[in-house]
Structures are given as structure tokens and as C-alpha cells.
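Right after this note come the structures.
What follows is subunit A paired twice: with subunit B in the first complex and subunit C in the second.
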Partner chain A sequence: MTQSTPREKTVLTPFNVISGIIILIGVILTILRFAKGLGGVTNLDDNNPWGIWIGFDLMCGVALAAGGYVTCATCYIFGLKKFKCAVRPAILTAFLGYALVVFALNYDVGRPWRLPYPIFLSQGTSSVLFEVALCVFLYLTVLLLEFSPAAFEWLDWKRARHIIGKVSMVLVIFGIILSTLHQSSLGAIFLIVPSKLHPLWYSGYIAVYFFISSIFAGMSMVIFEHSLVARFLHDKIDKEHDIESQNVALGFGKAASFLMAGYLMIQVIGIAIDNDWKYLGTRWGLWFLVEMIGFVGLPAVVYAIGVRERNIKLIQRTAGWTVLGIILNRLNVSIIAFNWQLPLNQRYFPSFPEIMTTVFIITLGLVIFKFIATRMPILYAHPDYPDDH
Partner chain B sequence: MGISRRQFFGWMTAAIGSQVAFRPDAKAASNKHFTGYPGSMGVLHDISRCIGCRKCEAACNQVNSLLPPDRPFDDLSVLAQKRRPHANSYTVVNRFDLAGRQLPVFVKKQCNHCQEPACVSACFVKALKKTKTGAVEYDASLCVGCRYCMVACPFNIPSYEYNNPLTPEVTKCTLCQPRIQKGLLPGCVEICPKEALTFGTRDELIQIARQRIQEFPDRYVNHIYGENEMGGCNWMYISNAPFADLGMSEDLGITPAPALTSGALAAVPVVVSLWVVFINGIFAISKRKEQVAAEEKKTAVDQALKTEQTRLNDTVAQLKEKAKADQEAAVKREVKKALEDAAKQAAEIQTDPPEASPQSSETTQPGKQESE
Partner chain C sequence: MEPDYNTLQEFITHTKGIAYLLIAVALVALPLFWRFLTGRDDKKKTF
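Moving on, here comes the complex of A and B:
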């Protein structure tokens, strides 16, 4: 891709070919899913009603989309203007993340055409899932509006751009409130299963755990994503973004380090309050410690070192590490430590079509991100709106 | 901000108000204790009487018009494996061969029709409802198929029609609600040859259970399973073997499922209200800080400018004064010199003019004396 021969103009780049094949597989799987039902393509069963389409696509998708509200809050509410260059990429990621979460839900629920029911037809207000549904619906709308200025600038719709610019602050505030509720309620979903989720992961604080971890997940995602964008879409980044992204990495790296230390503390408090110490010596305890020390404690320390030595590369790698840790946590809660008491032969492992559908959805996200970032003013300021960026 | 603060708070009040006002079931921290609908019906399963004939399974299949099973109901070899209810079987009987017992123990498994069911509280479209007569009913016309009820159920009862691509439903025992309304017994209760199943009001059933345990304390475990589990069920069990050995979890606790999530749900309007205050507060603080910083900067710059100006003015004044003094001195000098020259000339004219030499005139120059 780096060779600048005229042949580069062709659409048959390695990225396009591979993503094209994956999307083709995805289309076939989609047809299979709706022709044969969930049983035809998934390993879900009556004891394991939720698989990776919920555990990964929904749980991780939402956590990793947290960069949107975290960056908005940093820049517009806390007034740290240096983070402005990170706002648009973070909002685009959040918007695509949430859009794909809803897209993935269409595969997972039995009758996806009824997805508007909980909001418009029959509100089950006693359910945490109702809160989740309401927040997804509202926040996706907010994210669409928050993202729209970039699209309007690209389309040169000056009037629409002007109107949306006026309500931007309200959108930011709504976005933060909805994210707080939504991130935490994804954890609160599991409050109802004390007998199914392993005690080391089950806690009365689980909603707080999900909220706090979403903050450093969002920060890490912003840092990590920029390192990818800088490598693959470097010609789309203007100089100001390039310089400020270093400050973003240093600032978010430092904040994430502190947050992760605090998160570890409240995890310890959770264990102490439920007196779950005895489980730490078991195999599940070892796995829990791998998550907490290997994917929270250590990256927190390495973040701190990276910031002290102003080592951007190290911070970016730690960001990727932290993102993996968040994925591990969400999978542990929703799949791995869920139904921990069931015998091994009744446990769930995703089927190949399930995994490929998830890969398909991620690929779809990357393709759309690339399409937008190469066309709209995401990584650079639009000449007509240099300050609104 | 294009929207006025007043407008914004108006919207927020509406949002929070709707959260608070439309929650008839909100009772997060009240001291009310729900003990079930009075007169609600249930079933008592006396495990010690069950012989594992699977007639209840057959009756259930028939009254609910389910598909015929892969293996006939009189094939008891099915009991070799532990089963759970599935899409086509609302109830199953399991056999437990316990150590130190000659005879196996049989347990029937189906929906326990909790008094405050986890599935009902988990359903985000109210497709599941607890009726006042005792049954937990499912309304397929609302169900989205999210399967959170299956996740939430502590007894692993609701099942799903995974192989139905377009109209999949959650399936579970209905307590034969349609039959009860016609005055009939539930199918399984009616057919049971050993009276291992007793239908009645929940209060009666608890009385019967207590009586049996009291009459035969050596035969029964002193525990009515379902009396308090997860806040109590309408389907209860007494047994001649410990429940934990029969695959029935004894660590479920007595907290009804809705109480597990009510705190988190109750926090929602509080978070919304406080976040509005905090976010606006932080925004105001950071804005004010910017303002103050800008003002301080302006003051400092003004001050510096002023000081510099004063200093400059002083210097200029001093220089001016010095220049003036120098000028005056020069004028004086010139005047003095001119006077002296004039005096000299006058003296030379009076005495002897040719005697005057350039040297002598130099030594008497006043400018030179002053500079030395």
C-alpha cells in the first residue's frame, strides 16, 4: 500500500479484498440466520441464552464506544481544549459502535422487527434491560446529532450545520448523562443473577464497576485508535491534530492510570464486603487475578511509567492492552464466569457462524469508519469551520 | 449555547418528572413486604411419593397440544439423563440415585411460578405477568425474544424455540391457567397416580406440607422448598432427601428478584438529577476559570504596560532634564567664554596687543577647566 504506483488507484487493495470477502460471508450468514433461526447458526441453548453476540458485540461494543462521552466531557465540560482534536474521531467511533450494537441486536433477538416495542408499545419499567434499551435508543440519536456537523460540513449544508452548532452543548450534556446510565446499567443487568454469575464477578457494585471501567476503556480506545489511524490514514491527519494527539495520549494515559488504580480499589472493597476472599484461592480466583492484575493493575503501572517518561509508543501499546482487559472483563461477566456452576459439557462456546458474524460486524465498522474518515472532516479541520473542531 | 438555560432546565424537569411519575411499582426502600396475592393457587410436590412414571409429562404434552416426543413417555430409560424443560416439554421428571439409598428419588421440574418472579421483573416489554391467581403468564404477542427472562430465572425454566426462524416464543409451564379458569385441575396434577402433586391455595399447601413433615419427621427433610426461596413460589416441594442432592439449589436466598435490581433502577432519576447539576457546575467552573484567567491576564498585562510606561516616562523626563541642564550649561559656558573673550580683547587693546600669544589664550580657556 505504501508504493505510489498508479496501480494503487484500483479498488482491489488488500483491505478492500479481505473486507469484501468477510462481508460476503456475513451476507450469507445473515440469510442463514433468518432462514433457519437462531438454532441453525448459533450454539445458544436454554441454559445459555446469551452468547458472544451479546457478550462481545453488545457488552464490549458499548464499553469501547465510551471514548465519545469521555472525550466530550474532557473537552467541553472540563474545558481542556487540548483534547479538541480527539473529539470528532471519538464521536465517530462511538456512533459507529452504538449503531453496530443495534445492528448486532437484530441478529441476536428472536424477532428483531419488534425491537421498538419496549420503547413505543409496552414499557417494562421494572427491567434493567428497559433502561438499557431506552439509553441505547436515546444515545444513538444523540450520537447521530453529535456526528452530523462533520457530515453537514462535507455536504456543505451550511444552514443545517449552523442549527446543529447551536445545540451542541445540550447534546454533550445529554450524551454524558445517557452514557453514565447506559454503561452502568449494562452491569446492573447482572444484578438479578446472584446464583449464576461467579461471586468474584457478581457484586452489588457491578453497575459502578461498569461505569468506572468504561471511562478508562474510552480513554484507552481514543489513544489506541489514534495510533491505528496515524498508521493507516496518516495523509488525512492535519498537523495540528498530529501534535495535539501527543498531549491527548499523555493526558488520557495519566487519567486512565489513576482511574484503574481506583477501580482496583473498589474491586477489593467489593470482595471484602461480600467476604469472597475464599474464592481467590480457587481456579476461578486465579482467572480473576489474571484479569485484575494482568489487565488492570499492570497496565495502570505501565501507563504511569509511559507518562513519566513521555513515551508515546509505550502509552499507545498500554492502551491496546487495557482495551483487551476490558474485553476480557465483559466476556467474563457475560459468558465465562456466567453459569460457572454448570457442568463443562453444558457450558457455551460460540459456533463458527457466530464468530464469523461478529467478525463481519467489526469489519463493517472498519469499512464505514474508513469511508467517513477519508471523506469528512474528522481527522482534520474543515477550512470553513477551523474553530469548531 | 443556542438554547436558553431556562429551556434546558425545563426539558430536564420533564425528563426527570416522567421518570418519577410513571413508576407505579417503585418501592425501592419501603418497608413493605409482599407475601403473595391472597388466595392464589399453587401445587405442592411431595418428592417422597413420586415413582417416576412420567405420566405427568404425557398429560402436560397432551393438554398443551405439544409435538409428540422423540421417545414415548412410557420409555423410562429417558430418566437415565438429567433433563430440563425445553421448547417442546414444559415439565420433566429426573431420577436421582443417591448413595446409601436403595430406591431412587424422582423430582418433577417445571416453572415454580414465583410470587415475585425474576422473569417478570426482567421482561422489558411486560410479556410476562404474574396473575393474581398464581400463574406466571406469557404473552407471545409482545415478546421481542431478548431471552433476558431465561438469563434471570434462578431455576433455569424458560426455554426458547431456537429453531423457529420467524415466530420464536419463550415456552414454559402455564400452571394450566386455561384449565384452572374452567374449574379443572392442572393436567399433571389430575393424572398423577400417587398423589405426589396436590393443587390448592398456597396457604393450604403450606399447611399440608407442615402437617406431613410434623407427622413423619423421620421421613421428610424439615424444609418446604419454595416457601421462601427467592421470595417464595406458588409451586413448592417437600422431600425425603436433601434438596441439594436433587439438583435444587439451596443457596438462592430469600430475596425476591425485583429487590435485586430495584436499587439500581431507583438510582436512575437520582443520577439524572445530580448529573445535570454536576455537569453544569463543572462546566460553569471551568468557564469561570477561563474567564478569571483571561481577566487576570488582562490585568497583569495592563499593569505591566502601565509600569513600563511610567518607567519610560520617568526616563524620558530625566533625560529631558539632563539635556536641558547640559544645554543651559553650554549656554552659560558660551556666554562666559564670550564675556571672557570680550574682556581679554578689551584688555589686549588697552595694553599691548602684539604680545598676546595662542598659548596663553589656551590656558585661560574656561571650557577646558570645567571639563577637567
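Moving on, here comes the complex of A and C:
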């Protein structure tokens, strides 16, 4: 992304050119996927039916989109209005995150026209996956409505903006309930595979792990996203948002640090309850310790140092580090430590088209985010609604 | 070396015992970490 002066404004910026090429490749891969089926473009098989389209696009996408419900809960339920400037960017990220999760799901499931079937025609009410599907469907709708005030302000639809403003509190509460449900249920999905998931990652409390980790993932994502926006879209941020974002970094950094310390403690207690100490001495144990110490324990301490020193740069870098840790955790649970007992030649590794499809979906998200953030009042207050930000 | 368990009772007693000790450690460690985290915050005057 480049910041050009109006005089030298051109469509052929490096960001546009690179994202254009990736989107073109993505379109070709989409045609191949739906023309030739999963076998034509993926390395999935009967042993490994879920690849990175689920492990990364869905698992990581949902966890990193948690910033929406976390920020809304902080601001509207706990009444910490000093974080209000983070609400709209967080909701936009969550909305795009969930929309792309559903978009990516179509690649894995196939036959997109049948996606509404589990909700409207054939409900599998005894399945955790049904609960996840229902929550994601409802929450995406709620996020669309929560995001709509910004679109209405941009379009100058005053009446629609007024009506949606009246029900915003109901939407916030509904959104938090739905998120709480499906963030934990995404972990609960793995309760059915105790023999396939490595014991260090498998636990009867995996739903609790997923829920707690989603809270600090969301907070870290809000901080990290603002650092990117401040760098690449700084001309779209008004002064008030810029100053308040420092409060957001300090407040969310503090909360994330304490939550991560608590998360680390319950993980250790989980090992004790399942008596999994013996696995810590193995290679899998070393990898588990890399995740727990390198991407949970250390970032928690560095966050704390950043908050004590009021070092915003350090907090922002730690937020990026934590985001990587969450991605690693979700990949470990869904791909890396899954089917851990299989010989290496039967293990899953994503094919090039699978990886490129994921890159295409991420790029699509960035392009849409940029399109919206440069046009709608996301990073600044609309002059007609100065108090609604 | 993992101890031998002859009954489920023994296994639960052992694992729960360690879990409770770790919870006690957490109850001490987390408030200390909180004090470290908020150690330089502006103190609210209550007088």
C-alpha cells in the first residue's frame, strides 16, 4: 500500500498490482476447485478430511475476528467508553473475518447453494458443528447490522441510520452471547477425536481453552490492526481516534497479558488433570512448550513490560506476536497435532493451490477492508454523528 | 518415572492432588503478576 499525494494518484500502486495478480490466480483456482472437486486442487484424503481451509481460514479466522465481541463487551457492557474508538474498526474486521470464513467454507464443503441446508432444512441438533454453524450464521447477520451504521452514514441514509441506532444495544448483547457460544464450540468439536488429537492439545476443557484464547486473540488483533492502519491509512484517522488508540493499546495490552497468564495456568492444570506430564519429554512435548512458553508465556511478560513502561510500540509488536501464537495454536489443534500417530507419508501437507486459495482469501479481505476504511467513517467520526464513535 | 496405579481411585487422588497444588500456586502467582502488571499505574486517591 502506498501513500501518494493527489497529484500522483494512480490505480497501479504496488498494493493494487500485487493484490490484483493474487485475485486473478484465486479466480482461476476457484474455477478449478469447483470444476475438478477437492481431489483436483487439494492434498485432502480420508485420513485428513480437514486441511488449511478449515485449520487456517476457519479456525484462525474466527479466533482473530473475536476483536468484535471483545471490544463491544468492553465498551458497552463493562462501560469502558474510553475504548469506543476501537469499536468500528473491530466490528469491520470481525464482519470481514466472518464473511470470509463462510466464503472459505464453501471451498471446503462445495455446492454453495446447499450451505443454508443445515440451518433451514436438515438440522443436526445433536452435533456441535450444527451449533457452530447456527451461531456463525446468526453472528454474521448481527455483524452486518452492527456494521451498517457506518455504511448508512456514508450513503447519507439518515432514517435507516436512526432505526439501526435504536437497536444497537440489543445487537451488541446478542453478538456477545453468540460469540461466547461458538468460540468455545469450535474447541468442543475436537472432543470427538481423543485418539486422533495429541494428548497435550486434547483436553476435556478444550472448549474453555478456545474461549479464553479467543478473548486475548481478539484484543491482540485490535491492537495489531490499529498499528497497521496507523501506518498505511494514517490520513484516514482523525486526531481523537489517534490519541484514544493509545488508551486501547494500554488497556487491551494489560487485559491480554493477565488473560494469557491465566490461560497458561489452566493449561498446566489441564496437563496435571489428564496426567500428561510424560509427553512433555518427547518431541511433541517440545513443540507444545514452544507454543506455550514462546507464544503465550513470553508475550504475556512482554505485554506486561510494555504496559508498565507505557511503550506502545512494544505492545503493538507483542500483539503481532500473540496473533502468530493463536494461529500456531489453532493449526496445532486442527492440523499439526491432529493424526499425530500416523506415519509421516500419510500426514497432511497443504498443496500449492490450497495455500494460494488461502492467500487469495486473505488478500480479498485486505482489499475490501481498504475499500471500506478509505470511504466510510470507520477510523474517524462522521460530522453528523460525532458522539456515535 | 510414572507411578503405578492399581485403581482409578489412586489415579484420581494423584492427579487431583497435583491439580489442587497447582491451583494454589496459581492463586498466589496470578495476584503477584497483577501487581507487577499494574505496579506503575496512577494510584487513585481515596481520601
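Assume the second predicted complex is superposed on the first by the 381 of 389 C-alpha atoms of A that agree within 3 Å, B and C clash if a C-alpha of one lies under 4 Å from a C-alpha of the other, contacts with A are read in each partner's own complex, and residues count from 1 in each chain.
By our rule, a residue touches a chain if its C-beta (ideal position, glycine included) is under 8 Å from a C-beta of that chain, and two chains touch if they have at least 3 such contacts.
As the structure is a prediction and not an experimental result, all values here were calculated from the model.
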Which superposed partner A:275 touches (first subunit B, second subunit C, both, neither) = second
In the overlay, answer first, second, both or neither for which of subunit B and subunit C A:307 touches.
-> second
Looking at the overlay, does A:176 come into contact with subunit B only (first), subunit C only (second), both, or neither?
-> first
Return first, second, both or neither, reflecting whether A:34 touches subunit B, subunit C, both chains, or no partner chain.
-> first
Who does A:254 touch here: subunit B (first), subunit C (second), both, or neither?
-> second
With the two structures laid over each other on chain A, which partner does A:242 touch: subunit B (first), subunit C (second), both, or neither?
-> neither
The subunit A residues in contact with subunit B across the complex are 34-40, 42, 44-47, 49-50, 73, 76-79, 108-112, 114-115, 117-118, 121-133, 165-167, 169-170, 173, 176-177, 180-181, 184-185, 188-189, 191-196, 204, 207
Over in the complex, which subunit B residues touch subunit A? Could you list them?
-> 1-3, 8, 22-23, 25, 84-87, 118, 120-127, 142-148, 150-152, 154, 156, 158-169, 249, 251-253, 257-258, 260-261, 263-265, 267-268, 271-272, 275-276, 279-280, 282-283, 286-287, 289-290
Note which residues of subunit C are touching subunit A in the complex, please.
-> 2, 11, 14-16, 18-19, 22-23, 25-26, 29-30, 33-34, 36-40
Across the complex, what residues on subunit A touch subunit C?
-> 254, 257-258, 261-262, 265, 268-269, 272-275, 277-278, 304, 307-310
